[in-house]
Structures are given as structure tokens and as C-alpha cells.
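Got a structure for you, questions after.
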Amino acid sequence: MATLLRKSRALQLLGLMFPGGFWMVVFFLLPLLFIVVLSFLDNERLFTLEGYQRVFDPLYIGIFLQSIWISLLTTIISLLISFPVALFMARLPKGWRDIALFAVMIPFWTNFLVRTYALQFLMRNQGPINLLLQWIGLIDEPLSMLNTPAAVMVGLIYGNLPFMILPVYTSLEKFDWTLLEAAQDLGASAWPAFFRVMLPLTAPGLLSGSILTFVPAIGSYVTAELMGGGKATMIGRVIAGQFEQAQNWTFGSAMSLILMVIVTIFALIYFRLGRGERVAL
Amino acid sequence: MKSDFAIELVDVVKRFGTVAAVDHVSMQIRPREFFALLGPSGCGKTTCLRMIAGFEQPSSGQLLLQGKPLGDIPAFKRNVNTVFQSYALFPHMTVAQNVAFGLEMKGVGRDEIRRRVADALDLVRLPQMADRYPKQMSGGQQQRVALARALVNKPEVLLLDEPLGALDYKLRKEMQIELKQMQQQLGITFIFVTHDQEEALTMSDRICVMSTGHALQVGTPLEIYERPNCKFVADFIGETNFLPGVVTEISGEYATVNVADMSLVGRLGEGVTLGASAWLSVRPEKMQLVDEARANPSALNTNSVTIDSVAYVGSDTRVVVHLGGQRLDVWDENNISTLDPNFYFRAGERASLSFPADNALVLVK
Amino acid sequence: MAQLVSASSSAPANVAGESRARVSAGRLVLTTITAATFAFLYVPIFVLIIFSFNQAKSGATWTGFTTEWYAKMFANEDLIEAALNSLLVGTISTLVAVVLGTLLALAMERYSFKGKAFWDGLLYMPVIIPEIVAGVSLLLFFAFIGLERGFPTLLAAHVAFTTPFVYLTVRARLADFDRSVEEAAMDLGADEWHTFWRITLPLLMPGVVSGALLAFTLSMDDFIISNFVKGVGWNTLPVYVWPQLKRAVSPEINAASTMLLLFSIFIVVLSLVLQRRQSRI
């Protein structure tokens, strides 16, 4: 038995791959294929294109576009915030750097629901911000900060920022600063040195962070629900609605499939740009 | 039947894809021998060692350990141990745990393990380091741990893959002497991979010079240096001048080569035939430069040359001369006459260059 | 940015003053952005913690200090049960995911076989597929094969979405693995079995531990997928608190959130301690 196992790489491979492979096929891949099939079947399990016809209703097209737009903007703003923060962290002395890293790690590991709820609590009409502003006398009436696309975006940025900062920080920490000196030695001034040397070399981290922000943003449900309420709707909420209240599985499946396609397109762009590098966690 | 050899390679070939990393290599390594595999980077030295250790299987041919075919016996059942080039110490174990590992695997008792580990660490002069982790040690110390870890198992053959490669020059020299002493004291066969010819020459009983997967020559350091069997070996070991020419006469152990209308005589190398083109190889330290006035121009291998440059390099003075359109290096050991610029040759002057026939070698082209 | 880039250049003496001014200006900008970002990340959390001690039943007016909500929370049997459920699912699914993920990592990193690209993609998909889609697909799948939703379906789902994260973490570690130590072990007489347990696994352990912590946190945090696959009466903590977060009727939920937060901090500290211990080797 032992010698058989030693001789046969195929057998070894089977033993290693089978348990996890089986699990992933049955409880991940197969269900996704179900979505594909179901999006073409109506309640009587007959072929239909109704689900897709409804997706092209201007109402839903609008929601899709809004979701993509909000997610892209979220990703870009997060990137613009994260880069200076990560840069600052990477340039700190060792002890302080560890503390700063710890400070990013805590929200990273903290329950997403709780954090989003905390932000929503803060921004409510009767929440601490409004009360504070009223107390100072800056405003008379409470500002209505929730239930807008902007609120959703703030929520998404808040929720996903640690997932952007960490990979960007990791790539900046590995960055060899003498390369910048080398670039300047070769006559590049600050901005060209940044764009030609620093940016390409830290790109994998920026891309990882972007995909780790974009995917949860476009599929967001919790944030959309808590920050957007009934007013600002994202695809995630529409999909969930089809399986909870509306019970229109055909339409829900069609929407899910289209969401998957959108995400896949962005992931492919990401792999192109990143030359296939994997998201580092 | 007990074999005369510790290790034998019989027509061994190892292919990676289409590349033959080791190409029909045969060699015999004697018991208690310090055997060096010497050759440029990528010539297949490591691959040879890995086949002996059992990490690679030969594509064809056979390996014998004390006359018994190794076949596909796995690495952990071969009584052969390796000192890895990168040491490959277990980073999560202390020095003592590293050294004890092999004995534990053999099921040696606790007390004996403790004793033998202590002995091994004494041998490599690291007894006080037993509880350190590899990370906490210098490169030289790690190297000794790797040595102790292998030697503690009393292998029949110890394989060392450029074990001194990562050490600085001085430490390297020290370790060379220590390794050699240890090998003589323990009486274990060492197969030692290096691409440093000086290291191979000073340490080994015999050397195998390899190039692109072939074993070109096996011999004692003296044979390899004085009697290289081909241009590659002559070139790789030490410095040599090569003069191209045609063999015009062969008599006994000597051959005459016509080099640019000069007839030069050297010892006859392997496979040299009359009328074929050949190399006349002379080492720079084996030629003499004398004043033209004092030379006998009709003597054997004596020719007039032009001095091109003269450089002082500590122990020698290195002179470049022109001989019939060829540049030759000539090294003169420094003494009173070479050090006085008033008496020594200057660039542009003429001089007479000569060497005995025994100091030159005629090699096939 | 440009200022900071030039910070590393050694300017000639005559422009040193100007350059130093630019450097400190750049520093100031970076420090400000970083401080603002950390405030953004932490203020909501601190406000939430503070208000979990507020007497007022609703709104953000401070009426006095109390620990009443904590007492109430611990007396809430449904909540305690949900928390225990979460721990149970988190623990079991982590154990399974660690085994499956590690085996997969070994297979994918050390063997070449036909169809490897497929598995590469499949095992990466959970990072890219939005949770909402994964949740919906599992709901459909379980409904179609007629499997009643409950603890087993929850567990199956959690293992499926955590395994790839363990796999990615362990595989990253395995990619940096110096295989010559394994050869050294074999050379010293260890067979494959001993080599794995004495050398490979201990050296892989940091990766396995981070993978496990990640899996556990993901499982504890998960709301969307759990909400779709849990059975009636089988609540995990996030699923249980969700409706109450949305309505935000009682400050008790602030107390519960604070507890979850403390738990996350505990996990971060634990992971850092473990990493410290490992990095000594």
C-alpha cells in the first residue's frame, strides 16, 4: 500500500484533490450551474426568456448601471485614500508601523454588519452627528444623510477600505526605495519617477485591493440595505428580493447570472493588467 | 562480493526533457577517497550528486554503491548523506534537533543520540551552540551544522554540493583544511562538488572534470594539471597559452607542431595524429624569458619575441609577449632581477622565449 | 506624493532648504490624510461602543451611563443560542476547511496534471463571485435536490466558501517553500510520511494558522450566504441580529455589536501573537 502510494503520483494526487475538489464542485460549482439553468425556466419548469426580457427593462438597466457606477467610484476613491495612507504607514519607523498595521487589521477582521451598522447609527437623522451639529448651532433641522446613492458609497468605502489599504501597504512595504533614487539619478524628476517606477512596481497590490473592493461593492446587499434604504437600490437587493418577497426565481437567477458576467469581465481585466497575479490576502 | 569501489557510475544518462544534463558518464570512486567533481556552472555536477543521493533517477545507465546497484532505492534508504549547497537546515529545529534527526529516523536510542550529537558537534567545534536555531548562526556556523548533521549518521559516502560556496575567502580556506582533515580522520568517502579549481586541486585525491554533461578526465590533481587530456581541461584548470598549428612529426612521447613557421615540440597528447591540426599548450609559468644576447637561438623551443606589456602582481611579474602574431602570457616569479626596472624587460623590447619540450603539451584540436 | 518621492533624493546643498520644505509639506499632507482616514474608520466604532452604555431607549441623546443593555443581552436566550450556533458552525467548518484547503494547496502547488487550469479557476472563483450570488445559488440547489435546510446545509456552505481562502493562504506559503529541506530530511532517512509531519507541515504551519483564522472569521461574519441556507430556527449570530439592526429598536443591539467587536479584536491579537511566535523560526 505504502509503496503503491509512493510509486503512483496519480494516486497521491487523487487523495489530495478529491475531498476538497468534490466539495467545491458539489457545493459551489453545481449550484452556480443551477442558476444558469434556472434563469431559463419558468415556474412550470418550461423554457422561457422572460427573466432576461425583464432585465432589459429600463428600470433594471438603470439599477445595473448605478451599481456599476457606484462600485467603480467606490473603488477609485478607496484607492485614492489608501495609497497615501499606505505610503505613510510604509515610511513609519518599525514600531509605529506595526501599531498602524494593527489599527488597519482590526476593522479588517471586524464583523462587516456591525461596522456598517455603526456608520449608519452615526449618520441617522437622530444620530450623533446631527445632534452634535444642532447642538453647536450649525444647523436647525437634521441633515438627511442616509438613503442616497452617496450614502451607499460612503458605506461601501467605509466597509471595504481595510481590504484596499492592506494589499497596497504590502506592496509598498516591499518596494525598494533605492529604485526611486536610481530613477532620479538617471534624470527622472519626482513625478516621472513615481509613474514610471513606483506605480508599475506596486501595481499588483493596487490591483488586488481594487478587485477586493469592487467585487463586494457591486454585489453589496448589507450596505445597500442599511445605507440606501428603500431609495438607493443596488442589484444585490433586487436579487435578494426575488428570492425573499417576490419569489420570482427565474428573474432572480437571470439577474444573478448577469451580475456574475459583469464581475467576471472586471476580473478578466484585472488579470490582464496584473499579468495573472493572484490576490494576496 | 565486495567491490573495490565505493560508488560507481556506469554509462549514466540523465535527461530533463530533451536536454541531457548528464551524458553517458562513467566513473569509479574508491573507498575513503576525496573525490571532486569540477566543472563550470550547469555542467551536471549537482545532477550527478542528486542521482547518487536518490533525488533523481537516471534516464539510463546504472549506479552502484559498494558494488550493489542502487536501482530505485529511495533516498531515505541509502546510506549516503548530503551537505546541501544552501545547507537546507530545518529552520524550526535547534542545532541539536537538526543533528539528531537522522538518528531518530533510524530509531537510535535516546542516550546514544544525545552522545553522538554531542560528539558530532564537538567534531565541527560547535558544542556550545546546540540550542540555537539556524537563523541565529552565521553562514560558516550553519555550514558546520550541516556537516555535523550528515556526518553523525556515519554514511558510507558523503556528498557535498559546493559546501563552501557561500563563505568568504578566509573562512573558505580554513574550512578546506578542516574538511580535508576530517575526511582523513573519519575515513569516509567524500564526493565534493565545486567549480573552484584551486579548491579541487588542493583538497582532492582525484578530480573529475566535467563539461556540458560529459566527464572529460578523471585523475589526480597532478595529472589533471600537468597532463590535461583535452583543450577544455587544460583551459579550465589554471592558465594556459594555446598556439594553433599542424602536427609535422611524432616521435616517441613527443610531437612537433608547426606554429606560424616555427617548429615547437611538446609532449604527445591523447589522440594526436600526424598531419592533423593541434594545439600546443604551455602554461605561463613554465616558460623563460632571457636577453636575446644570452640566448642560443638554435636551441629547442627557443624563439625571439617582442615584449608587449609588463605588470607587477605581487608574487609574479606578468609579461605579455608577441610570438609570430600570437599573444602569450609569461609569468616570471619575482626576484631581485624582475623587481629592478633598470634590469628587467620593458615594453617594446625584444627578448628570447624558451621552454623545455616536457613543459608543453600537444592536444587535439 | 511628488514631495514624498523626492524625499528620498539627496538634493545638492543649495536647493536643500527648498527641498526640505517640500518634503515636510508632503509629510503634512500624508499625515493629515492618514489621520482623517483612521478617524473615519474608528469614530463610528467608538461612538457605537459609547452609546451601548447610554440609558436612552432610542435616539442619540446621552441620558446617563448604564450597563442595563449588556445585562439584557446576556439574558436574551435567542441571542446566546445564535452566538453558540455561530461558534459551532465556525469551528467545525474551519477544521474541515483547513484540511481540505491544505490538501488542495499541496496538490495544486506540487503536481502537474491535466485540467489544472480548471481547478485553478474554480478555487479562485469564490474570491470573485459576489456572496449574494453564491447564497442564492445554494438556496436554489438545496431546494432542487430537496435537501431540507438546516445545520448540515449551513455547514456545507460555510466549508465551501472558506476552503478556497485556506487554500490560497497555504498555497502562497507553499510557493515560497524551500524544497531542499524536504530532500535533506529524506537524505537523513525520513520517508515521505515522516518528512511531511516533521518538516513540511511544521514549516507550513504559519500559512495554515492564518488560513484557519481567516476561515473562522469569514464563517463567523457571514450573513448573506447563511441567511439563504440556514433552516428555520437555525440562526447564526449575524442572521439573528440582522432584522434588529435594520429596525434598530433597542440599544441592546449596540451592546451585542460591542461584544462582537471585542471578539474580533481578540482574534486579531491572537493572530498577531501566533505570527510573532512563528516568525522567531
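To keep things simple, chains are lettered A, B and C as they appear, and every chain counts its residues starting from 1.
Criterion: contacts are C-beta pairs under 8 Å (C-beta built on N, C-alpha and C of every residue); 3 or more make two chains touch, one makes a residue touch a chain.
Bear in mind that the values here come from a model prediction, so they are computed numbers and not experimental data.
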Most distant chain from chain C, judged by the mean position of its C-alpha atoms: B
Most centrally placed chain - per-chain CA mean versus overall CA mean: C
Chain B and chain C, separation of their C-alpha mean positions in angstrom: 56
Gap in Å, rounded to a whole number, between the CA centres of chain B and chain A: 59
Between chain C and chain A, distance of the C-alpha-averaged centres to the nearest whole Å: 14
Multi-partner residues of chain B (each touching 2 or more other chains): 74
Residues of chain C whose C-beta touches two or more other chains: none
Shared interface positions of chain A, touching two or more other chains: 6
List of chain B residues in touch with chain C within their complex: 53-55, 74-77, 80-82, 84, 86, 88-92, 101-102, 105-106, 133, 135, 149-150, 153
Residues of chain C defined as touching chain B within the complex: 178, 180-181, 183-191, 194-195, 198-199, 202-203, 280-281
Chain A - residues contacting chain C, complex: 2, 6, 9, 12-13, 15-17, 19-21, 23-25, 27-32, 34-35, 38, 81, 83-85, 87-89, 91, 102-115, 117-119, 121-122, 124, 126-128, 130-131, 158, 161-162, 165, 177-178, 180-181, 184, 189-191, 193-194, 198, 211-212, 215-216, 218-219, 221-222, 225-226, 236, 239-240, 243, 249, 252-253, 256, 259-260, 263-264, 267, 278-281
Chain A-touching residues of chain C, taken from the complex the two chains share: 1-6, 8-10, 29-31, 33-34, 37-38, 40-45, 47-48, 51, 58-61, 99-101, 103-104, 106-107, 111, 113, 119, 122-134, 136-141, 144, 156-157, 159-161, 163-165, 167-169, 172, 192-193, 214, 217, 220-221, 223-224, 228, 238, 241-242, 245-246, 248, 253-254, 257, 260-261, 264-265, 267-268, 271-272
